[in-house]
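The following pair of complexes shares a single chain, subunit A, combined with subunit B in the former and subunit C in the latter.
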Partner chain A sequence: MAVTDRSPSDLDPSAALIAAALALPGVLSSNAHAQSAPDQGVIALRYYDYRDWQPGASRMSVRSPLLYAFVPLSDAWTVEGSVLHDTMSGASPLYHDTLSGASGLGITDYRSAADAKVTHYFGGQSIAVAGAYSTERDYESRAASIEWKTWSDDRNRTYALGFGATRDRIDSVNGIAKHRHRETYDFLAGITQVLRADAVVESTMTWSQGRGYYDDPYKLLDARPDHRRIFAWLTRYNQYVPAMDATLRIAYRYLDDSFGDRSHMLEAAWVQPLANGFTVTPSLRYLTQSAASFYRDPPFPQGFVAGEPFTADTRLSAFGAVTAGIRVAKAIGADVTVDVAFNLYRQRGDWRAGGNGSPGLAEFSARWFEVGFEKRF
Partner chain B sequence: MGEGDTRPPFRYTFRAMAAVHELILWTDERRRANRVARAAIADVLRIEAKFSRYRDDSVTTSINRAAGLAQVAIDAETAALLRYADRCHRLSNGAFDISSGVLRRAWDFRRRPPLVPTSDEIAAAFAHVGWDRVEWNDAHVRLPNPGMELDFGGIGKEYAADRAATICADHGVAAGLVNLGGDVRVIGPRPDGAPWRVGISHPRVDAAVIGTVEVRDGAVATSGDYERYFELDGRRYCHLLDSRTGWPVDHWQSATVVAPLAILAGSYATIAMLLGADAPAFLAQHRVTHLLVRADGTVVTASPSSARDAQVVVA
Partner chain C sequence: MPIALTGPSRVALVVTTCVAAVTGCATYDPPKAWEKGDLARPSMRFDADPLATKATEHIYQSKEGAAGGGGIGGGGCGCN
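Let's turn to the complex of A and B:
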């Protein structure tokens, strides 16, 4: 029996068969370099409970439910958004030991916020447009942003560029700030690189430039520059550890603020999957920062000169802070995850790297709980 | 891809098309692997539902029901499968024929005690075989005589394996493989760079392998006389029927072929079984690595020089 194709036009029978096979839809990736949109939707509900205190004084508490949804509309479009409502109670944090009584007005008792983002995937790229709105009794914020991402052909590298604009309006309850505004522009550039099958590194730089009202209207004598530039450089590294079937996450952030403060933040987390769908993630974070150039040590108001910037806000002091956290998550089936998390934060002047933090400040502590439910569909 | 990566892949086993299938996926996390596996399995089930001759609502059933009657409108996917089956028919000089399923009316491999049909019974069924007589184009197909049937069983599973692998790759899975009832399509090489070692089932010894194929990409498929058969008076009658004679083939116990796509590997293997003694020449002409097991159990292998990535090791 002769083994030949009966069609005289087919010189190479292999080529004819292979051509017919390749004409079948989907037997080879026809669009190997395209990044299609995520195909799984997510709906998540989180509840957040925050409380802070200083020795002998319980200060502020915040309770906040958050609803988040992510919906893929097609291979090329996704939409996501969230809404939250904070309820706050208690006095404004007693930032400064010696400032007792200067912050007696308390703070706003609610905050409502919503954001939405639409992402379009095309070729090896995506473009996302987002908007956010937040309102409190004395504060209103509107933000818009656009972000562009592109993937390398092997999808092991991602580049991201972003631009955002925010406009805030401040109307303090005490009448100190009336219709004051602040505009901020942010630029972002980032790269994510898969190093091996088990390691990923991500590095993102953001530049922020703002102009407008930066004072804290509830603090006596608080006067800050009307412009601010912040440069932040965040690098994350995730390493899978096969011996433990776990993932080590390390992050470092350098931040330089035109107010004069500079900070270094180092964080490590260990993501350990356990039996029965449980994952336990202990984490530890250390932050050390220098004081803003116009921060003045106690006693208040030492160092105040009329017409010059001045603040006694401990957030702008020199300090070190440690956050210890643990998160326990449980997967229920393939599509549902529930988790609880607890974090404890402590900030002290003498915990600054080198030990020369701002003197005369009381230790500041905070803790927060989170409970979350997430369903993918 | 680090050489030190010893992380195990995620494995999924599922049933469809009357066989057990397996997906092996290397991804960074189980949730992503689950999502990819769901998408791939859904497409396998889609193809089964669309082309199964056992389903009332399938394309195949609608074509077969209209035999001798009107033409049936078909979509592009069905037309592409018909065109591919037509190529296989021509390449095999008519031994491979997707209209040969009606021979099962004569050959009942489930019957106990087994019975070899009479030549009249074979001739009666054989009268309904004939791809050459089928009227088809890119939009329509018509079986000219009542009693004719099409059956995509010979290519549907391999087509599904190729599509499942593409879906996994398009979802970003770089390492893994798809095994649909013994037809293997590689999604991408193992993360440690080592080739996949695909065992070739021994045609006579259960759970034993007669050889191993090492592949970094492409596909491996095996056709054999041991899937459905009966034995009578010392002779084995297997389900692989030569469409030119209506009789089971008996030259090879099995044929394993390495090719870039599962559908190609599967067709080459099936056609090799059907062509009997001409199989080595046919496979050499198509320059594919293969392993053939003769009726006496001895093995023939060949790797053309162009097939650099596939290596056959006889056990």
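Let's turn to the complex of A and C:
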């Protein structure tokens, strides 16, 4: 194929984009060429600095370096994987925590995680097999998944089906949960559709079915059902705006949890290229969720009945949450990008839409900085 | 040009129409291969930055009631 005989940097910008488009999986017609794997490798590093707080009290701090690599092995095979290490310190949110609230002890923990995925491309289809492992002082998780994709002849539509299984082991440091387990099975079905030369939409449904230990052993009297089903429907839409050389990215997710909480999430981002290789991306996210059926409002332990599900975990309360973020990226040459980002997150009971928020919640805020480096080869 | 709708096509069109209606962009004109230059931009890809997506999703997973929709097989954590 003549257009790939030259590197993208040899071409004018529009020709380079067309060459990149033709190289994307799912773009080139299968009548002209068998489906082949992406031929550009990526290595990326990111560093997160996270902190959250409530009025008058600093809560958790987390620092996380992450590493990701994507390596094409041949026309038909790719491998990718990531590793991370979180270091956590501080205290959980106010109300009812046996480590921070009642005992006055703080929390220090870590999380190390790794995952790997191998993808095989053949005849307009791909199959990916993946594994993941993570470990904490009191938690261990193993996961495996398989995902199949196929492309329409014109490469404007992609179907995806997936299945995953996760087995977790919980050994809380306070001895309340010893060798407890949880198994979760996930199913995925998705469609990606190119609508026009400047718009693409993706819609993905996931079903999660779990059984085992769901209590939070660090929260007093916490008792949750031993099974959980979660249905999530995420739809994303990207629109290129030629007049501004920008991209509008919109996402909406509906989530239904058998614990009783339901949520709606709407997110929008505007990706604006600037001069000298800079790109700025402001973003806004809003989530509104109802409370789990067994969440009880303060004062603790109001509503507790022995033998029945009960939680005072404010993550399962009714609230609204807003995230405002901004990312600035700089392209260095054709193959390197560095970026920095800042996000501010806030949860409030009275920000819930479509119903009342849970009363008596202290406002919860978080912020995180990100620094990233990406090299393509 | 009329479009012949098979079962999966119908599903795709419903999803497409819903999103297009919400965004006020209710047109459907799939491009030819040589018209896809803008679609190749990193900003138009859903998986352009898997590392940032994964880390950010983990933050939300640890602070909100439930998570899902973004994918499968990522494994659990003791954060929720």
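Just so it is clear, the second predicted complex is superposed on the first by the 330 of 377 C-alpha atoms of A that agree within 3 Å, B and C clash if a C-alpha of one lies under 4 Å from a C-alpha of the other, contacts with A are read in each partner's own complex, and residues count from 1 in each chain.
FYI, a residue touches a chain if its C-beta (ideal position, glycine included) is under 8 Å from a C-beta of that chain, and two chains touch if they have at least 3 such contacts.
Values in this document were obtained by computation on a predicted structure and should not be read as measured data.
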item: Touched subunit A residues, subunit B compared with subunit C; value: C
item: Which of subunit B and subunit C A:Q40 touches, first, second, both or neither; value: first
item: First, second, both or neither for A:Y159, with subunit B first and subunit C second; value: second
item: Subunit B versus subunit C as contact partner of A:D198, first or second or both or neither; value: both
item: First, second, both or neither for A:E370, with subunit B first and subunit C second; value: second
item: First (subunit B), second (subunit C), both or neither touched by A:A223; value: neither
item: Partner chain in contact with A:A143 - subunit B first, subunit C second, else both or neither; value: second
item: Which superposed partner A:T235 touches (first subunit B, second subunit C, both, neither); value: second
item: Contacts of A:A334 with subunit B and subunit C, given as first, second, both or neither; value: first
item: Touching both subunit B and subunit C, residues of subunit A; value: 14, 17-18, 20-24, 27-29, 154-155, 196-200, 240, 242
item: Interfacial residue positions of subunit C with respect to subunit A in the complex; value: 8, 11-12, 15-16, 18-20, 22-23, 25, 27-41, 43-46, 49-52, 54-56, 59-60, 63-80
item: In the complex, subunit A residues that touch subunit B; value: 1-7, 10, 13-14, 16-18, 20-29, 31-32, 34, 36, 39-40, 154-155, 196-200, 240, 242, 245, 331, 334, 376
item: Of subunit A, residues touching subunit C in the complex; value: 14, 17-18, 20-24, 27-29, 44, 46, 48, 50, 52, 64, 66, 68, 80, 82, 84, 109, 111, 113, 115, 130-134, 136, 138-139, 141-145, 147, 154-157, 159, 162-164, 166, 168, 170, 182, 184, 186-188, 191-206, 208, 230-240, 242, 247, 249-250, 252-253, 255, 257, 259, 261, 263, 271, 279, 287, 289, 292, 315-316, 321, 341, 343, 345, 347, 364, 366, 368, 370, 372, 374
item: Complex contacts: residues of subunit B adjacent to subunit A; value: 1-2, 4-7, 26, 28, 31, 34-35, 39, 43, 76-77, 80-81, 83-84, 86-88, 90-91, 93, 159, 162-163, 166-167, 169-172, 174-175, 191, 260-261, 263-264, 267, 275, 278, 281-282, 285-287
